[in-house]
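Which chain is which? They are A, B and C, in the order written, and residues in each are numbered from 1.
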Amino acid sequence: MTRWLGNRFAMITALLVLLYLFLPVAYTFVFSFNNYKKSNITWNPEGSPTLKHWQDPCGAPGVCESLVKSLEIGVIATVAATALGTLLAFAMVRHRFRGRTTSNVLVFVPMATPEIVLGASLLTIFVQGFSNVGLQLGFWTIVIAHIMFCISFVVVTVKARLQSLDPRLEEAAQDLYAGPGSTFWKITFPLVLPGIVGAALLAFSLSFDDFIITNFVSGNETTFPKFVYISYLRGIPAQANVIGFSMFVIALALVVVGQLVSNARKK
Amino acid sequence: MARNSGSGFRDAQGDLRLQDVTKSFGEFTAVDDLSLVVPRGSFFALLGPSGCGKTTTLRMVAGLEQPTSGSLFIGDTDLTGSRSYERPVNTVFQSYALFPHLSIRDNVMFGPKRRGSADAQKLADEALALVQMEHLGGRKPAQLSGGQQQRVALARAIVNRPEVLLLDEPLGALDLKLRRQMQVELKRIQTEVGLTFIHVTHDQEEAMTMADTVAVMNHGRIEQMGAPEQLYDLPRTSFVANFVGQSNLGSGRVVDRDGDHVVAEVHSTKVKIPLSRCAVQDGEVTFGVRPEKVRVLRAAPEGAGDDVRGIVLDVSFTGVATQYLVRLPSGAVWSCYEQNLDVEPIDLRPGDDVWISWNPYHAFGVPVDEAQARAAAEAV
Amino acid sequence: MSALTHVSAAAGETPAPVPQPDHKGRRWVPYLLLLPGALWLLVFFVVPLLQLFTVSLQSEFPGYPGYYYRDLNFGNYVTALTDFAPQFGRSILFAGLATFFAFCLAYPLAYAMAFKAGRWRNVMLIAVIAPFFTSFILRTVAWRQILADEGPVASTLNYLHLLPGGRITETWVAVVAGLTYNFLPFMVLPIYASLERADPRVIEAGGDLYANGFTTFRTVTLPISMPGVLAGTLLTFIPAAGDYVNAELLGSDNTKMIGNVIESQFFRVLGGFPVAAALSFTLMALILALVFVYVRRFGTEELV
């Protein structure tokens, strides 16, 4: 018996840890059905489980507004960060240039800097520097900050994909009469695309879920994580649970579908 | 030299000619003042160990590298400096380099489509039929075996009917049986389609089986070039002597002339080399004879001295032949192959006394170069 | 962090990196490609950090709280280090504990995923990343409820007399638990990536040589996974040290971390900008120093 346990030790622990990871998610899910009176902290047996929060996800003030803001910021930041990061990745992988080490450091140090330092430094420059140019803390400062910290992650993701690309493929394309333009669009780009898409998804999830940096530079603007944090004291409306869990399901579905599609492609 | 426009390059026709081509990478010279002519429609092999510059030469012909100096012609068209997509040259890469995101048919159609061909699909299907892969047109490269991928890579190059088709060790990744099969296939296809094939390989058997002409390369230079039989029968350098097949070599000095033979003294033994087969007429010379030309005898042949009497070190039975390693009094160890023609079983054992004998006509003489001889013997 | 991204690529099986071609394009192409991104990072990362340093040396206008002038007031740093040394220490301690616990939980999971999962490997990978898709605030808040005094966990522990203080929330235990939980995937993924890249036959061979499973682990598996462990530790420790959400939601006044101090100095203490900046800068310097020492000791091979 102990032998059996010993062999399975890793797997059993693994499953326990996975359970542990999902526990708060499960909690969030369960409490989205709570028929609470004042605040969604204790389970109210009477009237629960209820679907009313699910039927009216925008019912609580501020929930949907903050969600929309998060989505808007997410989309803009993702597009910009992916574009800038992809260009950077191509430069760093495919070209020789002076200042290689500097650009490496420039791109990778933001990932090693604690969010609070990033947030604090941006706060100081927005308040003391850019406010002179008319830029107030708000929507655009959030976007700027998000683009900044997402670039590094995009670079890393695209770089990895680009580096695993066999350069012989591009040589083969040239050998087969494709000029530089054709080679790029017909061969290089389609093969890097999965990396770029992955980077975009990563950037979006980082932006959407960001709290600390956003909190520092958002001024009066409220994103979804900030909304949840603020309403914590008054009691988080169950609609937030609904939204949170829905985001989870959507993202999970996307990942699963993506996996299935790439598995199908291989056949 | 006048530089033709893009379409001018593409229309080049004729023999491939490299003239004093050199390629250096910083301090290192990969290809050293190479000149050669590959006649149109022939099957040419570039043979040499890794690092000899054969792949670099190939890439320069393809246009994937540019020579540091020298020029490259196809017929009368000077292709030096042109890009690979401008040249009527296609390559079959060692790793096949099939485009993973395109189907087999799309892979093969790639070249014709880039050239604006109207019946790219028809041409592709014909090329695939030529390599017997037409039924797998819809698959992706990852779904094919190594041998199948190799055929597709070939089809992808052939479909364009280039002036010169380059093959960079295309059979390296295949197992022995498949390799032999493909060697025959390639030869057949080349004859059928009539293109100039340049095959780069380190496998001397492969080169000799397939090619009309073989050029042996070493350290960026061509050591010797000619028909496979010529190379084998009469090597002109110690490198070729040991790289193409095996040789028993011994260094010595020319001491005399005997009619139409050169007499050399090697390890205190006088040996005769026909004048026409000796690259060195005076001074130091390396004497050589192929193992299968050496006979191993139990009794001393007429006129033989003790200097050709040796002790058997090893007897290896390889089915078709038996290889004997014989140590001579001078310390040299000679290798002798004898075909197992006798009905009686082999009766020589290690430790036996034997005499070795050969027909002087089979001997050859090459310039002394111990280092190269050793390198060639050790090269894979 | 290539260990991290290798994981996202692992599902798509990318092969080992290949030497890059030499692009003889025009010379200015790379600079053109670099420019937008590098400029953005320069303006919105480097310059703000410099500004942060400047602010940390500013002084307040006497009589005008909230208004600052440029100065070389190193006194801010003195204040930062003396008044808030406990919070600094606490942050390092909590982050260290969280990293350690995360390691203990992550390693078996990563190991199982790499070697024992078989076809379930991708499912497990998704399972590790999926909880991320719920807002991290929501999940931390969920923990607060789960660990609440009236909740099942606290009640059971109390019943078993295992809880000296009577509660979990508002103690350092909850904060460390929250930190561990939040950054667990950052520890799992790099270790998984390292182990997944290893040749299982090497581990088998180790198992052959060493009769004891634990010895095999210690002498063969663990060293192979070191690059991943290194990346994971850094990816966990660094954000954990600067976190304040966990301390805010799960802790109390005597579990405040340096992040809480910085946040309150910026937003709630009038005239606190310079000190807050000094604190931030000190935190960053501290972390960089720790990273430097750590990396020097263990190498930077798999880091980026």
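By definition in this document, contacts are C-beta pairs under 8 Å (C-beta built on N, C-alpha and C of every residue); 3 or more make two chains touch, one makes a residue touch a chain.
The structure presented is a predicted model; accordingly, all values stated were derived computationally and were not measured.
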Checklist outcome for this item: Label-sorted list of chains bordering both subunit B and subunit C is A
Item to check | Farthest-lying chain, centroid of Cα atoms versus that of subunit A | outcome: B
Checklist outcome for this item: More Cb-Cb contact pairs, comparing A-C against A-B, go to A-C
Checklist entry - Distance-wise, how many Å sit between the C-alpha centres of subunit B and subunit C, to the nearest whole number? => result 58
Checklist outcome for this item: subunit A to subunit C, mean C-alpha position gap in Å, rounds to 16
Next on the checklist: Roughly how far is subunit A from subunit B, centre to centre by C-alpha average, rounded to an integer in Å?
Outcome noted: 56
Item to check | Multi-partner residues of subunit A (at least 2 other chains) | outcome: 166, 171
Checklist entry - Can you list the subunit A residues touching subunit B in their complex? => result 166, 168-169, 171-179, 182, 186-187, 190-191, 266
Next on the checklist: With touch defined as at the start, can you tell me which subunit C residues reach subunit A in the complex?
Outcome noted: 1-2, 4-6, 8-9, 11-12, 14-23, 25, 29-31, 33-34, 36-38, 40-42, 44-49, 51-52, 54-55, 68, 105-106, 108-109, 111-113, 115-117, 122, 124, 126-143, 145-146, 148, 150, 181, 184-185, 213, 234, 238-239, 241-245, 249, 259, 262-263, 266, 273, 276-277, 280-281, 283-284, 287-288, 291, 304
Checklist entry - Which residues, counting only subunit B, touch subunit A once they are in their complex? => result 62-64, 83-85, 89-91, 93, 95, 97-101, 110-111, 114-115, 142, 156-157, 160
Next on the checklist: Under the stated contact criterion, what part of subunit A meets subunit C in this complex?
Outcome noted: 6, 9-11, 13-14, 17-18, 20-25, 27-28, 31, 41-42, 83-85, 87-88, 90-97, 103-104, 106-118, 120-125, 128-129, 144-145, 147-148, 151-152, 155-157, 160-161, 163-167, 170-171, 180, 194-195, 198, 202, 205, 209, 211-212, 215-216, 224-225, 228-229, 232, 236, 240-241, 244-245, 247-248, 250-252, 255-256, 259, 262
